[in-house]
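After this come two complexes, each holding chain A, first together with chain B and then together with chain C.
Right, the complex of A and B next:
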């Protein structure tokens, strides 16, 4: 008698048992970040690699170009020069630092030119606050130092600001402006209870809270800090400490480049 | 941000006083001036509050009004991408009435900084507000709350009264009720949702979660010490400013450093965070008590019309 499972050695027989195909579920970015396996294979506390080059703009007194993953930023520094801004207060004891930050219209995934207006102004202020304490402004009375930063491509809002600050500080060094120290800047995002350094846009979209910390390593001074999002005090202190640690490492890389380029 | 010039001997006098924990007006370094608050001051808004920090007739004075509008959902807006939340837009204006140095366009940069600071504190999930309540029809229509602050008086430390007034204005906020119903389109036979705003002035709802809105403490660093709630002169000689916002549970909602004269050490920042965790929840409690008192006075209704209370308190 033939059963339905009759053995026929002229055919390739099916296995006795079968299971449905196992489809891998797409992992959410948040989960993969928490499990320490980020999309680009980095560690939670490893920033993206930096590429730095100075002296790209001939006309400027100092300039720098910086790449950090997908982020591409160029910066030019003019000064010290007479104050050109109309209506600016000219001080007889200190110089004036002006930062102008701009996104190119193709720099992010959505093209918004008009709405960027106040955002660009705000980031310009952050830049001024982050760089101001590092410059010996008392050396340049009655003159202004102008820093122009253009983002060619961005990836992650805070990471882009952090890269802009690093780029600007290198351009200032290239312009031979007297400074107390080089400013490093680190961005971090909080996922559940762990801080993750230098997040891309895809990761920043799912963050719970974020920190942007600008730090002068040798004088151990925080020049600017912005934290957004609800955290406990212990967590935010952990985040600040982590940013300081990572900032010191980035500082070494920046100094290495600068001393080589001299 | 130093607006007023100050002599060297005066700088010395103030900073030595701060070292001895005794300030020009007799306060200790970590002591606030008195907050005065009134809610419901502007009838054209859905919620408003005015807050003054300091003595009657002077001091920092901030008026906050909240207007609500219904917006159509459009894909691609990063803030409302999910489609089931509304949004909050903040704007701060500094009136030239406040102080002489705010005349002209010079105050714009400062106003912009304050707008972004306010945005950072309240327009995200960290404010604890119920953003889902602001959604009317998912992926179709939502409420936009425009929080407009107007600075009417300036006597140092604008940030703390700004958040104080904002929280009070949210406690006063009453949104009209909206009814959502399904409508059958006659031509295409497709059902879609439509909403209607109720005319009835008593059909209003409060916004859930306003109790969780954080308040701010702004620390100004003078020499090696730091003070909160400083006056114009103290602000002029301070070298750095750190604003910490925290809610009633002592959770940190935002931290921001301003003023670019000097930096500060990480240990000092840690100290400031610890102090603000102690300071702010008690400030929230005292504000809650004040708001409750205001509500009681209102329900008495023997209180005179708004313009009169407006003057009485300020």
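Right, the complex of A and C next:
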């Protein structure tokens, strides 16, 4: 300890023994979800609160911005306009719907460069499938409707896709494109035996199974369902029914905004 | 499902969202912005319900321009195809200008030859502005244009501005000469062309290819340029405030903007002021 050498300025003088500070045991997210005490205070069947605003992108024919918790999504819709995409099938009886989905590189907790290409293409397909049946495409032959969705911040993969579908629908209505109905979308995750609506990324990391449901309330038609993981038929049906119920409530909120925004 | 009324007493200006049930009464006909399912009329866009006698339609502010036969339109050539030009008219599809629908030099009755087809670029090429009239509709809704008259054809010596198509009302004449030596061509599709005044006697001479389809602009003096810029800004003001755009309102806005410098007209406060005064003036006349 005491040496004849002079003090070395590069060394930090530390005590001989060191004890780590007392840390609280981190709560298991899965446990807190099952016990109905989620980190943000919601119960199992409440989705995050929505914030919607239309008309933010001047140049586009219709646009919408949506926030749900930490998720922030912007969508621009162009159309109906002459088909722009090279190699697209131009039909004389119906129009085309082209959806393009992209994550910003700063949207999640790790910076992405171009690795998300295939994922973005897959999600674009999901968007097209979810929105397609709700648009009166037979009224726009040889034209195309282009939907561009940009995720500014994401929180939960399925929840972000659900928010994107809602945002795209609102943008389509803002563009005055003829539609059969407004599409709502709900995501749910399974923890042991209970379905939990609208999970954040932290919650989704611990899920057993998940559902993404896109639903047109007035005509009571489901446009798109995606389920991952393994569940029993009964559990699966419970999940779908729960999503349909929550979807109807979200639908009312969206329609309320649309009529007020006029 | 949200329902508006029993279907008997429909109120004007009721705001609807897509898939709102408007009426179950089978006596009504469906118009724009609605769709029918199982004899019930639902709205397909977000807007206000408009009932004219037995026709129910839903009107919204942002609908795309839909052309009808007889509309006078300003458009920009986007593509050349076999014996036709595709013209962008701010609508769902590009309009079609057939080679047989334009005036070719050498007289009206001249037969179209193969060399005409190969030389289409000499008449209109990509980016040219065309003033035309809608002749007919194709089966899929695309418009077919023609320029078979002296006042239609290629536009030059000016600038094009895009406004909301709802503001340009269909009227008998769309080519207006403003007192400030500027000509304004109001396209019903929302494209407006502002240019140097065209001398009337030059319109008679349609036999020269160089005259009709020339691409070179004339010499435009500074006063005319400044007036064109003023008219441009005046129309921008009218568009922002959703005022109707016709020669009366343009003149009104132009005169009210004279005290200011041309560049000041883009200032939003001054623009709002002028727009309010235009509204008052029009309402009083």
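We adopt the following convention: the second predicted complex is superposed on the first by the 237 of 262 C-alpha atoms of A that agree within 3 Å, B and C clash if a C-alpha of one lies under 4 Å from a C-alpha of the other, contacts with A are read in each partner's own complex, and residues count from 1 in each chain.
Just so it is clear, a residue touches a chain if its C-beta (ideal position, glycine included) is under 8 Å from a C-beta of that chain, and two chains touch if they have at least 3 such contacts.
Everything numeric in this text was worked out from a predicted model, so none of it was measured.
In this superposed model built on chain A, chain B and chain C occupy separate space and fit side by side. Legend: residue contacts after superposition of the two complexes on their common chain; A:62 is shown touching chain C, with no touch to chain B. In the superposed model, A:178 lies in contact with chain C only, and not with chain B. In the superposition on chain A, A:258 makes contact with chain C only, while chain B stays out of contact range. Once chain A of one complex is fitted onto chain A of the other, the partner contacts of A:80 are limited to chain C, with no touch recorded for chain B.
When the two structures are aligned on the shared chain, A:40 is found in touch with neither chain B nor chain C.
Following the chain A superposition, chain B and chain C show a smallest Cα-Cα distance of 15 angstrom. When both complexes are aligned on chain A by C-alpha atoms, chain A residues 216, 219 touch chain B in the first and chain C in the second. By the touch criterion stated above, chain C contacts chain A in their complex at residues 1-2, 15-19, 33, 35, 37, 42, 44-48, 60-64, 78, 86, 88, 92-94, 139-142.
By the touch rule above, chain B contacts chain A in their complex via residues 76, 78, 104-106, 109, 112-113, 115-116, 120, 124-126, 128, 240, 242, 247, 250-266, 269-270, 273-274, 277.
Residue ranges on chain A touching chain C, taken from their complex, read 61-62, 79-82, 92, 136, 140-143, 173-182, 216-219, 255, 258-259, 262. Interface residues of chain A, counted against chain B in their complex, comprise 87, 97, 110, 118, 121-122, 125, 128-133, 209, 215-216, 219-233, 236-237, 240-241, 244.
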